[in-house]
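Naming follows writing order (A, B and C), and every chain is counted from residue 1.
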């Protein structure tokens, strides 16, 4: 598989050419981008549209646990929840993936066997990314060997903010190679990048280096995913495909707590990128508590009554 | 329609109570006209008749002016600013309280999407009343002398494109400065003005301070030409503005005019492109392009024109045209068959002149007055569609090579209301702003309004400013 | 506090401090007796300590970013809401002002009405200051040059004896432009200040924008005057000229902007003008070249 799309191959020839390319991308006006996102958030999604969106959102969830206190028991419970989010409703689809720390990958793989739900592992010294490269790559290989379908890596934000774009690029390329058949999501940690211009540049950088998905955040830093940041990333993947022919996915992670938010993200995907991105193959939510709110809203739509937390499993 | 098909999301009409007929609001009461024939107001999205509205004849106009004069002499002019302020604060709060009802009524009578009347028009109406309430007792600090005095009775004639907002822009500064008012709303959009009459009643506004006389061109003429009027404020077409300027010549009447425009929206090669696209869309398709300051001429730097147009066309495909009361509608109905005919006529001219016409795929409803968002490329200054105000969702695209050329083309018009500049370079924004002959320059944004921000035109776009400290001048003897 | 009519026993109000949007007692646990002008016991008010003052400054500093970052329109709306709430509580204020200052009901009524109207006047200034006090400056070069007024930050205020009208006249001009305030209420008549705080707390005013301390100005004010995180000091309510001079000297350590006590007892009903608004504003001037 190609790491750099052919039409832009010479852009990554050197640090200088990469810098010129990234800094030559159109700027993002903060106020305008936020106004566009806020305008899209006023869309009123009801009845059949809401049902479509809620089901799609469930199917796009990467159900996540990334805590120091995670145990095999916790991961098994979460996996069972991901396979069958609502035991009272067989029409409820499973989630896209379970997302865990690398050492718990074997537990998730076993628990998800035969379900079609993927195992995603965070890697490369998540969440900070501060470790020697060989350690970070060993982290990736261990998860891949244990059966992870997807790897969520973090970029070196220190290198990015210091302008060492080629270093960031080369690390992603090496990580992609270590992934083998697993697909690679590249976490930009947009909260640390601070400006939309940086988010646009980091998005293009990650895609030029071979990312299958670009992801907003680790969820460990605030702000995590926001509607305008995700808008900018969706514009980037749209423009990248127009320039190179290669489609890249987007994952919004962290801070998406309720169904209303999730539906707003889907509206942004819909009106920025269109149908081609409206599937779990090309858009994901990294979340934990979101799932139950999606289930509650599904239930309200089906029964006409407001639901309560007692009727949904905690894991 | 794609995979994610938005279901209908209608705003309920039940919040609104439209009477089968309305009289005139004179001296604090709804009264029958003495010499005018009633006319119908219609929902432009469905052609349904909404109500029968009185047309004020000359005798009615006379009564209204007399009521305004009486209120001026007996209560309003001598009232301390502090009390005028309190009345205006009441009006602002009542508008806020009834804002959903007013927004729905506006969309039904005007055709504009509920999202716009709810999120743009109504909040600005309340804000305008609020802002000028605060000036009523501070006139000595406005830079117009220690004790500026009001003019007397103001005749105010407003258009149909932002009915309640234009009413607020006129009434708020007039009342704050101590004048009384006779206001004529446009004949196709009288209903929110009549609802405002009810708000004046709820506020216990002294009778005669605000009078609303509905009617068409004849009513407006009678009002503007009435000898008992001290001040004329008009927003509408340049053609009528000229007539008014002629008619007040030689009289004591002060006049301000806010007229048409053919604004240039200028995009440089270093513009933040995605936001520029939003600014272009907002500039010409907000309110169906029925905006005097609409960015109806896109001037795009040649080096980035193809890219920009591709993005623009892709973006236009996501615009939703239809029922104004559907919360997801972006483009509502054209306000009247007359306006629709004019838009169609000029669009046909554009094609004849050799410009290339494009619209996104659009289902137009069977009933009502509709026009799809339309873009003409290959337009030059010599084309009529680059010079004449179409006042509809029609964008003319021209190109330029250098800042000086952009400036020259932007200024090459008898109009001068507004302009847009898109570039990431601050010094260029300021250089353009300094040289653009336009009363409002928007940089990296468009169609932004605020009661604190003065608005008005150069050249044939009119004279006088509305909003902010500058907006007080028109209603005072300094 | 007046008892209810007839045989019904009144439920008396407890008066505490207003700090960071909440109503805590003094951390020192102290109170002092507040008497009516005729000597009647009215209530115990909190006797604020230096630590309360310290906490108030922390709360004010925390509130400044959000309050000064709000739109002027929003601040005006909030202040107008305060006026609506004041109007609703008119009778309570009239009773407290009459008791505290020994005024007749009619005099107290006039003072309360004037206070409400004064507040409304200030509410309307929030979105007009920039146009009246700011400017675009015609410098002799290709630059766009503009000056805008900005709030100075945290202002400590010693409120005057006029327990509502004077209080409102010193607090409103501080906060309308985006500053946060730590206010020491009139020692002898502090009760209307706490009732005002209850009004503020129910008017969408963010916690910490106004903090009200009751107690001895002579004890608290020096801690505020010397506090290195207070930007300005309003000494209007300091009657003792020597104390006022000491406080002004202490304020010099971090060059606080200081408003001195008035030379004579002020007429609070007079037009305030712009002085109190301008005293707590900084003027920022910005240059930007103009060129292609």
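Please note the rule applied: a contact is a pair of C-beta atoms (placed from the backbone, for glycine too) under 8 Å apart; a residue touches a chain by one contact, two chains touch by 3 or more.
The structure displayed is predicted, hence computed values, not measured ones.
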Subject >> Required steps from chain A to chain C (each step between touching chains, minimum) >> reply: 2
Original post:
If you average all the Cα positions, which chain's own average lands nearest?
Top reply: B
Original post:
Using each chain's Cα centroid, which is most distant from the centroid of chain C?
Top reply: A
**OP:** Between chain A and chain C, tell me the centre distance in angstrom, where each centre is the average of that chain's C-alpha atoms.
**Re:** 49
Original post:
What is the distance, in whole Å, between the centres of chain A and chain B, each centre taken as the mean of its C-alpha atoms?
Top reply: 44
Original post:
chain B to chain C: how many Å between their CA centres?
Top reply: 41
Original post:
Multi-chain contacts in chain B: which residues touch at least two other chains?
Top reply: none
**OP:** At least two other chains touched by the same residue of chain C: list those residues.
**Re:** none
**OP:** Provide the residue numbers of chain B that touch chain C in the complex, in ascending order.
**Re:** 82, 85-86, 89, 127, 130-131, 133-138, 141-143, 403-404, 426-428, 430-431, 434, 451-452, 468-469
Subject >> chain A residues within the chain B interface of the complex >> reply: 26-29, 31-33, 35-36, 42-50, 52-53, 56, 235, 266-267, 270-271, 274-275, 278
**OP:** Report the residues of chain C in contact with chain B in the complex, numbered from low to high.
**Re:** 72-73, 76-77, 80, 117, 120-121, 123-128, 130-132, 144, 274, 288-292
Subject >> Contact set on chain B toward chain A in their complex >> reply: 2-9, 115, 119, 270-275, 278-279, 318, 327-328, 424, 444-445
